[in-house]
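Both of the next two complexes hold chain A, though its partner changes from chain B to chain C.
So, the complex of A and B:
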């Protein structure tokens, strides 16, 4: 018999099969509420499948069910899952232990919490090897090092001696991946493995996972809310909504021409680097478990919904391009154009506009002088966390502050709000009103004119206060409103953020994430502020909700002429909202200028790295990874802040001399030793060599 | 959802309404219902039992010594021929009265200092917490015995002593809770808004710390009951012939082998009350959204 030489498509063997699976829980009123409803899904050997959906869509529950695990209180209502033809929910604990970690490994979201803090890295991986592989005890150390090299960790020989807390988030995630690979699994379940990592780290980890899948032939189930990440690693995408699979198909089809209206809405709500307009928000919110009626779960939010959609539950059916979809109107959906943003291009704010706030050479230091220094009256000479920040914020503009974690962007906001003392420099409000660096020393009027909105509304709204009380606090404090006036103004504010007056008596816990953030926005606007400091205000929200909150912020700005200082790690979100952008690295300004200039060439090398690492829900773009994703512990004392990671490093001059701020006539400035023209030439050249079709960077404008 | 409408704008719900909501939540859980029922039963017995007990609790009879349970004496009689059913019903009154007053004292002063230390922070907090640690390291039973020996065992002595000692661990809990809340963004938001310090403490901080303190108070109450009964058991608490569970267990210790009912009845009385309080505290923690299982005390 001769072996077939051609690589004829062998029909792939199914690895994980899920049949008509429903999982639910019993509510305290005794009703059975489903979390997953009638899921049918097959994962084949060597296949990478992305499970995407917003929070509450049941994607994590489904992934955990694949390994026979249910979170507390959940039970299987119907159907079964099997792994290699063994029914997972009927296996004994011992049999499950064999499969889990061995044939089927999980990589959790937060690797920092899944590693044992008291065990050295080598020992943790060694333990996984002992449990799930048949290698000899003596071969373990070599295999550990091999695994660590496989996940591209530098110096694996030294790393085995380290403890988890000595590693960065990205390195911890790589260790978690190495542990999962220890048992040479047939399939990896990845539950939001890059959420919470910095953009550059995320891009590196995803590239690693892609390569691993290609080289080892391991099947992967990748769970995420982030279509950009999913697009990068998946052959096939499964879109979930309200506990159901609504769309399934190969990545290209799902991302380019999705035939389900929800998938279309989801794609349209993602901000894109190349598009300076606001993404399109989706109305409404997903139904709560058990809250779906007889019809389609998405009907209430669907623009196309007709009587049939509300009366009759659609079944999964075949659609164009091999997609499987749960929609009555899929044929009509397929012929619709993708929703496009209706907002106009922004009109730029003239340079002459007076500034609302001037930061002049501001430095902030967290280091407190030690006891001895205090006695001797010496100043701490540690390198400040934030240094040499000069930004003039003009009236009515939105200025975006971009940087990875530890870049000092939130620190700057806190200093402006008077919550952190500045070590050096001045903050001037309005034309020439010096702002005291301590909030207690500011006048009531100054306090009123600057307001803050926080990242996580769960934390920024007092859980014991009703919405009425939350809104009343600034209204009483700044305007002395009481009684009917207070109520009328509160209702007006809720209307403005598109929530009704009936929200007044509710507690934050009775609201969805997006609604809570709207309340937080309403509270900030209750003060009738001139400058609103937005600290990652959309990063805790689902994409569709994020789009709606961005739209709201934009609307409020148009109505009231408010100025925003908008801090975010997400370059695409900043692109959608900001007029001007400042890029921070380790508390030092790298680049500042009009958004269209910062996002175009020439860029500061750090901006270039950041832009290259952005993931977009587009099967044809690949991130450009130029710099290492290593951590740096503290900012450098001398020279350029980016010297240690810079892919365009010149040499000793970068270590010794602070680079000059090179400005052009349009107010775009880059802090780099490489002359602008040379940067432009270098970057355009690399750009042309890379993928010429990539739309990620707009053409250089001179 | 309970109907919470028609309250004045920006006003907190009336205390009674909030209490009713919390109690409703407690009794909607099976363990909470049992626990809360036991606590209510014990409080009812402590108040009302003198009016319906079948016998006089101090009526001694040489003929009726250590009789087994019967139709006349449901739980039998003790070594002095007194009716155990009567004495068990009455036996929790002193313990409940003393601890019900001492618990709020402990929670109030411990909570006040804990919040204060938590807010002040820094060196002040460092030094004072070491003092608290020093107090926590004392064997409390010995110190309490000392106090009782010096000042006597009247409730005027026991209430402040228990209130003092059981307030010390509360300092730690209140301080930790304060630290947690102060770091949260809604407090930062209030500071950035320029709210007055007292407003921040009263409106933002205390409502969140008080929940923790209430659950902590319920836990302290059950510990205090056990401490009170231990003192009585050792002969330093309630003096005879007043009926008390600790004292009854101590008295019947010698006859345990042939008259177990004499010890069993007060044990059931004491443990049912403590279990009831513990179950209620757990349900209370869940109702208030602070799960005791997740946060180990001390």
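So, the complex of A and C:
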């Protein structure tokens, strides 16, 4: 096994130097609150550095400060940052404009919103070229096309004429990369460049960035909350917590044997594909700006903390394996074993358990008939968004629905909740209770028994209602509770989600993201439901918080025998929670089966592609990229929905015929024309041929 | 996009059709008709019947509606209730006069509003912005008849620079009208500019805070290039529809101003026609106003579609 990333120059010359930098803002009460505290960091030429931390750790602020840019209200409190020995914050506007986009380029978090909507792709890249490269005006168009092909975009000649909104998320991100490369920068700052992309797209974009770093020798500062992505691209990892650098070291050391307790906790809280157990949650939450006392910022959440940790701020010091760490107890930490999950393997749900909900050949379509069609009573014959879905959900189990964006996961949840009409098929609840497809026509009891938890608690909790009012609604509606009973039950619910009764009088805005999601969970469980639909419930949360919410959901299920339908784009999260998984592609079911079998023996080519693209916080794993990362638009392909991207495509039969369902006696089924045994044989053949650490990139065509 | 446009056009036509129906029915619902108004106290017995026969008023309402609408389509609004003048001629000159007033106000108001809106947004919360924004809020809240009266008091009564009322007859050539309408134009454009300015300001500020403007800065784009290439095209898009709404408001605002300045425009004609109970004229004016309203909104939609790549490329390309 080789180190994940190319080697740095032999005698590295510093490119970006940050000395004792503190950045903060003035609060309404007049106090100065620091966002970044005493940062010392050097980025050498040709080096790739990963900056990792949870939301609020100050990592983006630090990256932007390297370009001499501060977001509104922020100011430098102390220290300096320099680029090639020039103090960035003392440069004139002209000098800054020269450096930004020229020697130092940014690849933004959300390329879709960072490209100007009224300018064509060609014009936006051309603008960067004209500002920062010396090539002749006449050669610009050719160079733009060259840049677009360099980031492996198909049909660059056509693409220059497009507007940003006509591109998929992955394409937009590549355009942003091409734009950054226009000025032939010495360093690239990447601010969460793959957050929000699908797994396969993310893996492809990261491979592209790795290749660029290797071929051009550009230094990279990679900012992300995702240790999996960081592991893939960085030589060196810097871990930030509450505006401070707490750990710095080479990638392998930091990922394998970090000497800071926060980094250890963070690693342990990340769910892993190979591990069916729940990740270990970290208690507490990071201090808010200015909320750190005299001691270590992490002391309140640290299991090892002693009196010294609370009294005395630790300094950065050298530690084992060349790491630099801010911890008084680093030597003790180094000798501790990595925290491991304590939860036992789950017991499987017997096949004959009666089902709670039966989806029988369900089809859902977003297309609404036009006025004329309604008058004439015509049925719209558009291909349905979701089609041919049959899943029986057994009592007490967790079914994971996985797939990329647009795969119809949330659509299915909405249809079950009665928020979207089905076009075909039927949904049976309990033994044989037909569920009306319109939520208004369902009985109160049916409503109570099916509850929904949304992705973002900021949107799903009414910001003007106190937690007491939020919890009272289902309790009053379904059980007619009032007065003391209501209060007692609300308190009990809060206890169950591990929030105290004192939260009742608070408003959602006074809670952290994890706490809000706990309230959302409590609200769902207030109805004493049989089936809880979870729509990306942990996607908006930081990993350490995510682990705690997963643990809570698991606990509630064990206590109450609740059934979950759990939708997530994060395959590792689903692995940690689900008994069975269903893989969806473009609204069609590809594979369904017991989680351990689907993850261990992914048979359908799409499942194989999907699982191959997952990034793990491990320096020794590499994604296996077999299919092109092209986002398909409607309409869905005829025959097999995956045929246009399938690396194992047979031929005409895939275009014309919907593949049959092949199932085995373990309840593991796939929809593919190729027999299962043959698919598995093909996979082992591939593994034998290729080195698993070097991803095989196929030429991304259209 | 063509499809979208055709749909809008179709909806516009339906709107006008409905409006014409509503105008007809509501005029119909008023007590009395053109004959009772014209004949006044003598409106009884044989006389009334003859008059109604002459004007065709005793035919069924539906027949009269289609007769009226059909003629209106050809630009023939009939004759006014006192039976002498052709409504089309009468309304035509008045419409021209009102358009002179409205267009002049727009030509001054729109560029001024856009310019000031951008200036106040770019120098947000500075002295200049505070002054302009405060004045704009005053201009928005004071009703136009008050500001018009104050303008007359200052510029015509005290300073004697400009005429306080319009004395030119309705059919006077534009060259004669223009010098007399300076004060009305100022009064109208003040309110209009204030409304649009606030909108443009908000829109520019919003775009300045967007990710793509931050990206442009971090790409090293010089400030003014960023403003003109990245900010303005995006900030002025939503302004188009606000301008359309303002123009529609202008139709109503013009009535008051015309009365204050005694200007021979459509608005004053309507007020006169209402007090004279000259129902055919009221109908005609209402229909014309509805047409202008629909037309303005349709052109705003069209303009937005041309200017907004998101709408322009709708249905034409898929990646």
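Here, the second predicted complex is superposed on the first by the 674 of 702 C-alpha atoms of A that agree within 3 Å, B and C clash if a C-alpha of one lies under 4 Å from a C-alpha of the other, contacts with A are read in each partner's own complex, and residues count from 1 in each chain.
Basically, contacts are C-beta pairs under 8 Å (C-beta built on N, C-alpha and C of every residue); 3 or more make two chains touch, one makes a residue touch a chain.
Everything numeric in this text was worked out from a predicted model, so none of it was measured.
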Superposed partners chain B and chain C on chain A - clash or fit: clash
First (chain B), second (chain C), both or neither touched by A:101: second
Chain B versus chain C as contact partner of A:116, first or second or both or neither: second
Touching partner for A:433 - first (chain B), second (chain C), both, neither: neither
Which superposed partner A:283 touches (first chain B, second chain C, both, neither): neither
Partner chain in contact with A:454 - chain B first, chain C second, else both or neither: first
First (chain B), second (chain C), both or neither touched by A:490: first
Chain B versus chain C as contact partner of A:67, first or second or both or neither: second
Which of chain B and chain C A:132 touches, first, second, both or neither: second
148-156, 166-174, 220-228 or 274-282: stretch of chain C that collides with chain B: 148-156
Chain A positions touched by chain B in one structure and by chain C in the second: none
Footprint of chain B on chain A - complex, ascending: 28, 417-419, 439-440, 442, 444, 447, 451-452, 454-456, 459-466, 468-469, 471-474, 476-477, 486-487, 490, 504-505, 509-510, 523, 527
Of all residues in chain C, those that touch chain A in their complex: 209-223, 229-230, 233-234, 237, 307-310, 313, 317-319
Residue numbers on chain A that touch chain C, as the complex places them: 64, 67, 69, 72, 93, 96-102, 105-106, 108, 110, 113-120, 127-128, 131-132, 162-163, 165-168, 171, 176, 179, 183, 633
Chain A-facing residues of chain B, complex: 1, 4-5, 7, 9-12, 28, 184-186, 188-195, 203-204, 207-208, 211, 289
